[in-house]
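Listed below are the structures to be examined.
One chain, chain A, appears in both complexes that follow, with chain B as partner in the first and chain C in the second.
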Partner chain A sequence: MTLLSFGVALLAFVVLGPVLGCFLTGADRIITARMQGRVGPPFLQPYYDVQKLLAKERRSLNSFQGYYLILALVMTVLSGAFFFAGGNILLVVFLISLSSLLFVIAAYSTRSPYAEIGAGREIIQVLAYEPMIILLGVFFYLATGSFDTSAVATLGLPLVALLPLIFVGLLFILTIKLRKSPFDLSFSHHAHQELVKGITTEMSGHNLAVVEITHWYESVLFLGYVGLFFVWAPPLTLVLAVVVGLAVYFLEIVIDNSFARVKWQYMLSWSWIVTLVCCALSMVLLFALYGFVV
Partner chain B sequence: MSASVKSPWVLHYDASSCNGCDIEVLAALTPLYDVERFGIINTGNPKHADLFLITGSVNERQVPIIRQLYEQMLEPKVVIACGICACTGGVFKECYNTLGGVDVAIPVDVYAPGCAVRPETLIDAVVEGLGILEEKRLLLAAKSLKPAELPARPSAADKLVQGETVAAAWQKAIANALQTAGQEEQ
Partner chain C sequence: MLVIAALIIVPLITALLLLVFRSNRARVVLVIAAVALLVALAFVLTARYLFFSSGFAVAQSGFLSYVMLGIDLVCCLYILYRGIRATNYLAIFLAGLQGVLALVYEFGFSHNAAVSIDVYVDELSLIMTLIIAVTGGGICIYALGYMQSYQEHLEHEGSGLAVSGEPSRVAEALRLVRDRRHIFFALMFVFLAAMFALVFSNRLSWLLTAWEVTTVCSFALIGYARTEEATKNSFRAVVVNLSGGLAFTLALIMLAGGGTQLFELDKLIEAGVGGTLVLPLMLLAFAGMTKAAQMPFQGWLLGAMVAPTPVSALLHSSTMVKAGVFLLIKLAPSFGWNIPGLFVLIMGALSFLGCTALAISQSNAKRVLAYSTVANLGLIVCCAGVGTPEATWAAIFLLIFHAGAKALLFCCVGTAEHHLGSRNIERMDNIFVRMPWLASCMALGMMAMFIAPFGMLVSKWAALVSLIETGHMELLFVLAFGSALTFVIWAKWLGKVLAVGREDERISTRVSRLEMVSLAGMAFLLIALTLGIPYVSELFVMPYLWETGLVLQLPIWAQASEVLGYDNLMIMSIVFMVMLALLVVQILRRRPPSNDTVYLAGVGASSEERSYYNAFSELRDATQRNWYLEQFFGEGALLRPVTILLSAVMALFFILGIVAELMPL
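For the complex of A and B:
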């Protein structure tokens, strides 16, 4: 990764990330409505929501909350730029963890009981998906011999053929990352939940708009993780990666509409079980079938 | 049309409704009426909401709660009284514990009468509320939106029922009872 490629990726992600994320969310809301027998909002509804939130009165319980949230946004953008520039996948993973951490601090800074429980649940969510995400980086190295995401372009066959079970594990925790039922514990895009609005309870107006935009960037980045498994040497495979990314997003919407929210104990134990089983079997598969040596 | 009109988020609060109007408010969210077509979302959070839908008449216990919810909402905001009880107190208007409609506690922008209020009336009221929301947004953008003045803290004892206050009616009733008791003793 050169400075130039990073600059280009940063610029492209800053501009295109929220546009794509907004389109994804808009499509999500329409598809969800259709699945429930409703017509649903206009396609650009998420954009209208953010525009409205930015026009609201500015007020927050802790004046630092806004800075934490903007820093979280910056970390997400940097993380996405490193990812799409072909940078180090561990850096991508740790920057996005930092973003989650800042989000949690922003919620705790208000001392509101609802926001605190929401933030506590967000930490449990991080605890649930983080092992899988870090092991994804480790297996990426085992399979490609490099931590750079650009290494997939040198492969003779897609990553999903080398690491099918890691892909399954990623799909499992993707539901947590995209804040979809049954794992939308800390906050959900659907109307009511038992904790008012969980982690975002005390975030209003422009702060909530920043949260929403961060989520657009995150959605694109996480679908990028999915696409990574379907890119190999021929450049046309990038199209395949986009198609698979969209298909996986549709699958997540189906899951979102088919399941009720679960208890955190269930989420934590099952995501760790899936992580453990997928990673252990992947290790065996990788050595037995392809004979890769660390 | 600005974005605030396209994405009104709703806070729904049941003051002391019989639940008739609440069921109609929620019915508006169902596939039959599907108000999400207009970007309306029912949030449970006053800090995210633009429209405040209140059902039911208001008694003294409700006043601080309604005021707190109202004050937690950010400008621009619009209050809609849903159902005849929320508009005026309805059939409970003259009960000794009822203060009246929502406007005894906070300023109301739109009144949607009905017992129970029909989803169509509600949608009409929300559409009217959106016009007011847009006016308030423009005022806020021009930094000339004045904070709404809350009505003086009401008391059930001062409420006028059939031309006299509840307190006076009670005093009269007590005096009458004492007089009757005194006559019986003689």
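For the complex of A and C:
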């Protein structure tokens, strides 16, 4: 990753990230509505929502919440830029967890009991998905010999062929990361299963808009993770990656609409079990199939 | 050489002076002057080493060996005396045995041995020197303020007891209340002197003496309060550490006898690399692990928090436990894929995982810190066990940043405890409004413990990379799950500390100026260290690895390159700058807070109290506790199985070690 490629990726991600994220959310809302027998909002509704939020009077319980949220946004953008510039995958992971931490602090900072419950649940979510994300980086290295995401370009075959079970593990925790049922514990887009508004209870106007935009960036970044498994000889395979990414997003929407929220114990233990099983078997697979020797 | 001698002698003289001049004013002047001198000496030594000369300093020393032996025996006698008074048979036995073995070692083996290098300096001892002088010194200054209010609290409580009028209780109260602060500070400085001696000694018998002095100092400091609990816990600490010392002495005797004839640390490491030593290395590792409070010995460190907070800060950050990991890091080149290496690595990894999980269930701030110390030291121990230059890089980085962050955190918690009257994390709610600077320092310390772009995370990242490269797949799982658990510990506490109630109703609590100055100093240091991550690596850590490689003729070490690459370290530094810059912007353009109240499913009455009127117009308080997940991570659920597991692993490895010693392949 050179400074130039990072600069280009940063610029592209800053501009395209929210656009794609907004489109994804818009499509999500329409598809979800159709699944529920409704017509649904216009495609650009998420954009209108954010626009409206930004136009509202700035009211916030304290002046620090805004700082934490902006910083969380900046960290998400940075990690996305590193990811798409072909940078170090562990760096991406660590910046994303910084972003999650800042989001949690932003919720705690209000001293709202409801937001604190949401923040506590967000922490449990991090506990659930973080091992898989870190191990994904580890296996990425084992398979490609490098931590740079750009290494997939010279791999000669798709990463998913080497690490099918890691892909399954990623799909499992993706539901948490994309904030979809059954794992949308900290805050949900489904009003019927929400305790007030979870972690965002005390976020409004400008701050809530920042949260929404961060979520757009994050969704694109994590679909990028999915795509990473299908890129091996760009540029043609990039199309495949995008198609798979969209398919996975559709799958997540289906899951989102088919399950009710589960208890945190269930989410935590199953995420860890899936992580352990997928990673342990992947190791065996790497050894057995590709004679991989450390 | 003179500087090294001064580093050891200055604190000793200060300790004596502190015992003589007992007035408060004199103490403040003495402590500040001594700390300033020590820090200056540490920097002079560093500058001289980095810019002018490098290598080993030599001393000729028939006489000094007697002094060192004498000190060692005094230590044993002191513990014997205390053990007899408290009728603690185990302590008596261990101290007696230790004394006898020390005599046997000195006169049976070591006294006439040809030792070419008694005292040395390298980058690792420089790092340790700076840590001891700067954080240790900072803690001493902090203690000036802290012990003042500690004594006031004591006298307040004591007068309460005295009022009851019962003669036995009055006598007890007077005993507890008596101002013994001069002893306290003298001990702190002796502790520092012992640490300096420990990081410069090449002659193993001197190293052992310094080792024993730290044991005794910690024993005396933990028991400082003289309550029943303090005495009990101090004996628990001394028993564990004496068994470590005993293992150390046994290892020395084994090394001196037989065919090896080793009396020097550098020769020992050299021989260790050759792979001929098994049991002595394991015994030394055992000693290191007891001192570093690795599971199953973590109990003594947790018990140590009965002592005044500066003691905990000192034990956890710059002394004591760091002595344990220092020894293991020194020995790292001889670890790796061998029995001692695997022993160290597995014990460290399991301690890391076990104590991280246990920390989640704690609501007592000091216990969280204690468990987190054991966990992080476990990671250092584990990295030392891996024994590659990359892993050692991670271990040294962990050591540096852990010292900085933990010292700050302990001191913050101590101050908070005095002002909140509790060390419970739940009580720290809204501390940001009451003591904004304290809360900010605490938050900085916490973030430095676990999240990007701070040093601990960078070190963990390096540990991860070095584990992958050495093929320790099982440990990658430990690290991945351990990191996630770490996030939980700190995130929920950080949330509590950074919670802002009403900003306009700021109640400033008066904190002693000495405490504030040292806290600010430590926080500033931590910020500087984080910004300077790439330089810490370039100036200190990498040269140590190279030099170790050259001296020991280990080609991989001599060519060690940065695990994460300079650019990744730079990125971390830049990310931190971004955070700071945005913070400045935030502070400059702070908007006036609104009068909104939080949503409480009713009519809000007070944001401060979180009270509201419910549907029946009754005043209700909303309460909310953090998550402690006790059924998963509680001491009740985890402590026994983990202790049993680790004891079994240890026993197994020692059996292996003995077998390997008896039947060399």
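In this text, the second predicted complex is superposed on the first by the 290 of 294 C-alpha atoms of A that agree within 3 Å, B and C clash if a C-alpha of one lies under 4 Å from a C-alpha of the other, contacts with A are read in each partner's own complex, and residues count from 1 in each chain.
Note that in this section a contact is a pair of C-beta atoms (placed from the backbone, for glycine too) under 8 Å apart; a residue touches a chain by one contact, two chains touch by 3 or more.
Quick caveat: nothing in here was measured; it's all calculated off a predicted structure.
Once chain A of one complex is fitted onto chain A of the other, the partner contacts of A:T76 are absent, as it touches neither chain B nor chain C. Touch criterion met: A:V196 reaches chain B and chain C at once. Looking at the shared chain after the overlay, A:R59 reaches both chain B and chain C.
More residues of chain A lie in touch with C than with the remaining chain of the pair chain B and chain C.
Residue contacts after overlaying the shared chain place A:R38 against chain B, while chain C stays out of touching range.
In the superposed pair of complexes, A:D49 makes contact with chain B only, with no contact to chain C.
Chain A uses residues 59, 196, 201-202 to touch chain B in one structure and chain C in the other. By the touch rule above, chain B contacts chain A in their complex via residues 2-4, 6-7, 29, 31, 34, 36-39, 41-45, 47-48, 50, 74-76, 137, 140-141. Residue ranges of chain A in contact with chain C, taken from their complex: 58-64, 66-67, 70-71, 74-75, 78, 88, 90-91, 94-95, 97-98, 101, 104-105, 107-117, 119-120, 123-124, 126-128, 130-131, 134-135, 138, 141-142, 147, 196, 201-202, 272, 276, 279, 283, 294. Taken together, the chain A residues at the contact with chain B in this complex read 29, 33, 36-42, 45, 47-49, 51-52, 55-57, 59, 191-193, 196-197, 200-205, 208. Chain C meets chain A in the complex at residues 429-430, 447, 451-453, 457, 461, 464-465, 468, 470-471, 473, 476-477, 479-481, 483-485, 487-488, 491-492, 494-496, 498-501, 503, 568, 571, 575, 578-579, 582-583, 586, 590-591, 593-594, 596, 598-601, 607, 610, 622-624, 626-627.
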